[in-house]
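Following: one structure in structure tokens, then a few remarks.
Chain lettering (A, B, C, D, E and F) follows the sequence in which the chains are written, and residue indices restart at 1 in each chain.
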Amino acid sequence: MTVRLDEMTSPELDARVKAGPPVVILPTGAFEQHGPHLPLGTDAMIPQRLAERVAAQIDALVAPTLSYGYKSQPKSGGGNHMPGCASLDGATYTLMVRDLICDFARHGLTKIVLFDGHMENQMFLTEAADLSLRALKSEGITDVRIVKMGYWISINAALEKVLFPDGLISWELEHAAVMETSVMLHLAPDLVRRDLIPDHPPADFPLYDVYPFDPASVSHSGALSSAAGATAEKGKAVVETLVPELARQITEAFQNMTV
Amino acid sequence: MTVRLDEMTSPELDARVKAGPPVVILPTGAFEQHGPHLPLGTDAMIPQRLAERVAAQIDALVAPTLSYGYKSQPKSGGGNHMPGCASLDGATYTLMVRDLICDFARHGLTKIVLFDGHMENQMFLTEAADLSLRALKSEGITDVRIVKMGYWISINAALEKVLFPDGLISWELEHAAVMETSVMLHLAPDLVRRDLIPDHPPADFPLYDVYPFDPASVSHSGALSSAAGATAEKGKAVVETLVPELARQITEAFQNMTV
Amino acid sequence: MTVRLDEMTSPELDARVKAGPPVVILPTGAFEQHGPHLPLGTDAMIPQRLAERVAAQIDALVAPTLSYGYKSQPKSGGGNHMPGCASLDGATYTLMVRDLICDFARHGLTKIVLFDGHMENQMFLTEAADLSLRALKSEGITDVRIVKMGYWISINAALEKVLFPDGLISWELEHAAVMETSVMLHLAPDLVRRDLIPDHPPADFPLYDVYPFDPASVSHSGALSSAAGATAEKGKAVVETLVPELARQITEAFQNMTV
Amino acid sequence: MTVRLDEMTSPELDARVKAGPPVVILPTGAFEQHGPHLPLGTDAMIPQRLAERVAAQIDALVAPTLSYGYKSQPKSGGGNHMPGCASLDGATYTLMVRDLICDFARHGLTKIVLFDGHMENQMFLTEAADLSLRALKSEGITDVRIVKMGYWISINAALEKVLFPDGLISWELEHAAVMETSVMLHLAPDLVRRDLIPDHPPADFPLYDVYPFDPASVSHSGALSSAAGATAEKGKAVVETLVPELARQITEAFQNMTV
Amino acid sequence: MTVRLDEMTSPELDARVKAGPPVVILPTGAFEQHGPHLPLGTDAMIPQRLAERVAAQIDALVAPTLSYGYKSQPKSGGGNHMPGCASLDGATYTLMVRDLICDFARHGLTKIVLFDGHMENQMFLTEAADLSLRALKSEGITDVRIVKMGYWISINAALEKVLFPDGLISWELEHAAVMETSVMLHLAPDLVRRDLIPDHPPADFPLYDVYPFDPASVSHSGALSSAAGATAEKGKAVVETLVPELARQITEAFQNMTV
Amino acid sequence: MTVRLDEMTSPELDARVKAGPPVVILPTGAFEQHGPHLPLGTDAMIPQRLAERVAAQIDALVAPTLSYGYKSQPKSGGGNHMPGCASLDGATYTLMVRDLICDFARHGLTKIVLFDGHMENQMFLTEAADLSLRALKSEGITDVRIVKMGYWISINAALEKVLFPDGLISWELEHAAVMETSVMLHLAPDLVRRDLIPDHPPADFPLYDVYPFDPASVSHSGALSSAAGATAEKGKAVVETLVPELARQITEAFQNMTV
């Protein structure tokens, strides 16, 4: 049986809802440059594929992925000016997620996971959750629970040691670097341009942010630090650690609901 | 070489843009009930798969599909109240498409096809096109052309005769009926529940619309007319007729641009 | 006794509401070019005058007409670029209608007909109806019914034969053509420039839409097909057929309300 | 020749614009209770009829009246809770007027008078003017002039003496009182319920405003002070004084434009 | 004990709310030019300082002042184009105040005074009050009362005589003139540039408004009439008259609430 | 000479702008619970006071502080449900900051520092910067630079050692804890309730976020970790380290502008 909501039919979903609302995982990605070696859809592909594995373990469902996200930021994504970014304004993004949460809940899908693959989305997901709960409350729909998580939240010290045997430089500079590249080598090896994996010093940003961003002020390949240490084995380790752990956390998060 | 934008890398796209902007096809779908036999993602799956075939013929690219659309209407989709609908408000939908058109154009992707799989999106796509052109103009970006089409626009009399040898009842009632079911039988046969294909008289609506819609006022299965006449062969005929014809029309539509 | 809401006084309306809410018909028009022979207010004048006749038959009331509408489209109105168009953005239009529906309902006018004279308004009227019902529900006002209709919905085969004895080319190209011109010749003969009634082949559009629209791509007078066959007699036939039929449909549409 | 824009045709307006843009007067009214004796459309009817007289004197044009306005306030209109009010939210009202100013200007109608009949509209008209100028500027349209006036601005001391031989109580309490009633007795005598003209002491409000407004806190008929002194002769004096004076001021206001 | 909300702690405020909600006074100011002699923050400083004095008399609390307001208008503030103005759009201002009223009320602070120091804010405060009551009602929060007042509402005839022994020219032209300058000489003498107090004839505006405003059309110093008559003694008289009177009115306005 | 913009006059600011635009620092705070010992205005007071010290060192100006911010989050501020929070929606906050940046820039103040005291504001400040640059560009104003920084960005390893001689637990849990309490003991000692400084284990949150937040799920005083180690000396060290370092960074950030 599929975990993908869009492959189910209306009566099949209806039956699931009537049997007690299933958890719905909504992968929230981005369309963002990921260096010379990773595809533009990386931030959508990773959470979607992880979500399907997580859902299979806990009998959850995966809603169609949001393929576009909030604007790439220089320090975490290289910047929205780079080729291959297409993003939504903050208000648009918030309304889009708010509308979907509300409509899922109106149809009885009251257990929703915002499963993020793109750091820049985080605060707008928070706002969307708040606005949707307020709107639903005014419609008399109150038994809704929304859980927000990045797929990366369960990367623990052990996994860090696997990924960075010589030590982690900074999670903030891990865009298109060792972790993402490794995961993609495991999940979607055909989409990684192996001969183009960049190896250069980490990007060097000031502590503050400047708008408009001056691309000439920083040197990098689109990856914010070296991805040379990436391997499919590391990616496998990440996926095999994260999937059961995220499944456990989601299960925990929805305990003790009235419905 | 892939036609999917999300499988390309940033430098690959950059090279394409610098060589003269490629046509970008944005499939615009919906998450909407499609009777007992078709999956909820039908309106996204069909335009995405057709877009990939069209793009391959004319060296265009396909952007990640918009999987959620404007609210299903009773007369054309059964209605947003049915299980398995999740939709966006009109303003949200318009802003989402406007933002994407603007950001594509800011990155040099100035030839955009809004390739629709869901009738209810049409006017909001029109508004998004108008608002994005206005915004881009005020940013000094003027050589942009947006083409809007439903994938169905080239279904001609000959194809109608193939689909409905006994005569078409009404295109408006073709939701989840012969045409969509046939196309899905051809494009995604594993997702069609063949044993559940409905066969009943067409839904009988008054000429006006009533809000809130009363589901008890109309009888149907989610399909608005019988899908019993659907076959994979008919679907193949539709796809093989539409793909080259839509390719031809897109090529025509972007002729005579300055860039 | 007047059917025009704006000619009533506050206590008179109060008494009507307390006696059981009357049906309120809101004509929704446009300010749009209508060829060389019809006035710019045609799409507002026709539904207003028909609404007054319909209201008189069923003891309904007519609210002040919305004289401005959504943007004229090339294929149905010639296009908003033409002289004598002034239109509202989609979101503005939706909010305007939403606010009015809500405020009517807050004052007890819970039976509302959106009586349209301009095709381009249709989907934004739909969205306004949905948003107003949602807002009213959150205010605890639930016994509201909104009916949407174009005045043209009851033009049947018999009337088509009267209007187009040689056959109809296409309803889509009937802008400022035989039907509208005939109705204006009957309802407001002084406003029709008879010597300027255009007679030319129908406009020839591609199946897709292009933005920005290139006026040079299509040839027409502002009327999208010939209006030469228009007569006051045909207009009289339309009006005399539509008024009782629309009255009947409105009566039917509001049956079985609790209030 | 008509002064009403909606009675003109597209080519007629085009010719006028090409000959040098005419002044366009946009009457901005309201749908608001006006006591037991005046119709709900009073605030729309007065500016529309005055505008037509003014336009005739200076070869200006009158756009279709905005029949709905911002919410009636207790101290100036009795309050939006009273039967027969239907109003727009502030943002909606502002966007509606902004869109129209912008679209008029895009079509060459760059001399616009916001001709107000409803005090509560004033600040939202101001905001609409500011936002439209900003939007037009970003589209490269800069030679636009917008003039805002209430029709009452030219009521001078002499006219006050005619209207209130025993002295004016307060302009703020003149809602549905001597001035408006007199003008309506002159302009639309059939719409005034003469036997219901109220005569009572002025409403007594605190200096502050309270939300939500408590209707029980103030006693009045819907008119905020006595209308007993109203006569058609006074109305005639107002109209005959205002029309030429407003015509003079509008002419003055548009002097020295480049176009 | 402080009257400033921002100097209290969370448990202190909690205790106050639980003992019966205190009145919260929200000073609403502006950042606006005030001639050559008064600081840009004048419209925020005056209501903040008066609010603290009023609050001390009636055991109310003062929320952090809104330092930015709606756009300065030529006839009441010289105009937003002048150096030292920074203002909010009308919709932004309304949403800001709406959000704060709602959040105060959600935390039990259901007695709110919008205490204005800037005329241009008035209608947007009205709209914010209306929108917040509507939103709160839909959340089930209904026992909220909002009082709107300018600090100037209690300037009576006696005080006018003190301020303008030779007669008042016009309250509308009192921007940065005798009243405000006197109050600042009393409340914040170090911030008044005494040697730069302007003395010139009042600004001479037409009865209508023109957008865009032409600064060359009117001559003034930023003060709209002479401030030469200002003295600290007059300011003291204003403050000592207003504070107890406003305290009395606020007390009166919140009588008879259920909570 | 004051560094506070609101204490300057219009001609004084005009002269500064004409001499070359000064840097304007806009402190962005919040109204948020800060445990039993710190005032609700802490997040506004700290950046305002630091900004004034920084401005004095580099001849910059300080705009009136934004006293209200985005909603307090449980993991970084305890949560917006706690007594003494009043916050703005994300879209409101973004528009407020956007409008101010735009209006400062329109008046020649083109060097703007968003100087943040409240983590939750960060992404909405980013969006405001992006939207304002887009709007200004469309008005033809392009030489604008916006710098965003939290006042905490320059807390380095040495300062960490001073603040946490026994080791830092987590910056995320430092809300109302050692750092903020120390700084307030130095900057505003009278506002710290010393006898109520909390000492308890750090709050223990899951890795994911749940909406609606359940206050019963976490135990803390409003401070997210112990503040027992706070001293005025530590606060002095923070202030004396940060002020010159932030001054240096701001100077650096505005180098190489054309204006």
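Basically, contacts are C-beta pairs under 8 Å (C-beta built on N, C-alpha and C of every residue); 3 or more make two chains touch, one makes a residue touch a chain.
These numbers were taken from a predicted model, which means no experiment stands behind them.
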Every chain in contact with both chain C and chain D is listed here as B, E
Neighbours of chain F that also touch chain E are A, D
Comparing which residue numbers chain A and chain F contribute to their contact, where sharing over half means same and under half means different, the two sides are same
Maximum distance between Cα centroids and chain C occurs for chain F
Taking each chain's mean CA coordinate, chain A and chain B are separated, in whole Å, by 26
Per the C-alpha centroid definition, the whole-Å distance linking chain B and chain F comes out as 47
For chain B, residue numbers touching 2 or more other chains are 89, 91, 138
A full list of chain pairs that touch reads A-B, A-C, A-E, A-F, B-C, B-D, B-F, C-D, C-E, D-E, D-F, E-F
Per the touch rule above, chain D residues touching chain C in the complex are 4-11, 13-14, 17, 31, 33-41, 44-45, 63-68, 80, 82-89, 91-92, 95-96, 98-100, 103-104, 107-109, 191, 193, 196, 222
Within the complex, chain A is touched by chain E residues 135, 138-139
In the complex, chain E touches chain D at residues 70-71, 73, 89-91, 94, 120, 122-124, 126-127, 129-131, 133, 145-149, 153-154, 206-212, 249-250, 252-253
Interface with chain E, chain A side, in the complex: residues 134, 137-138
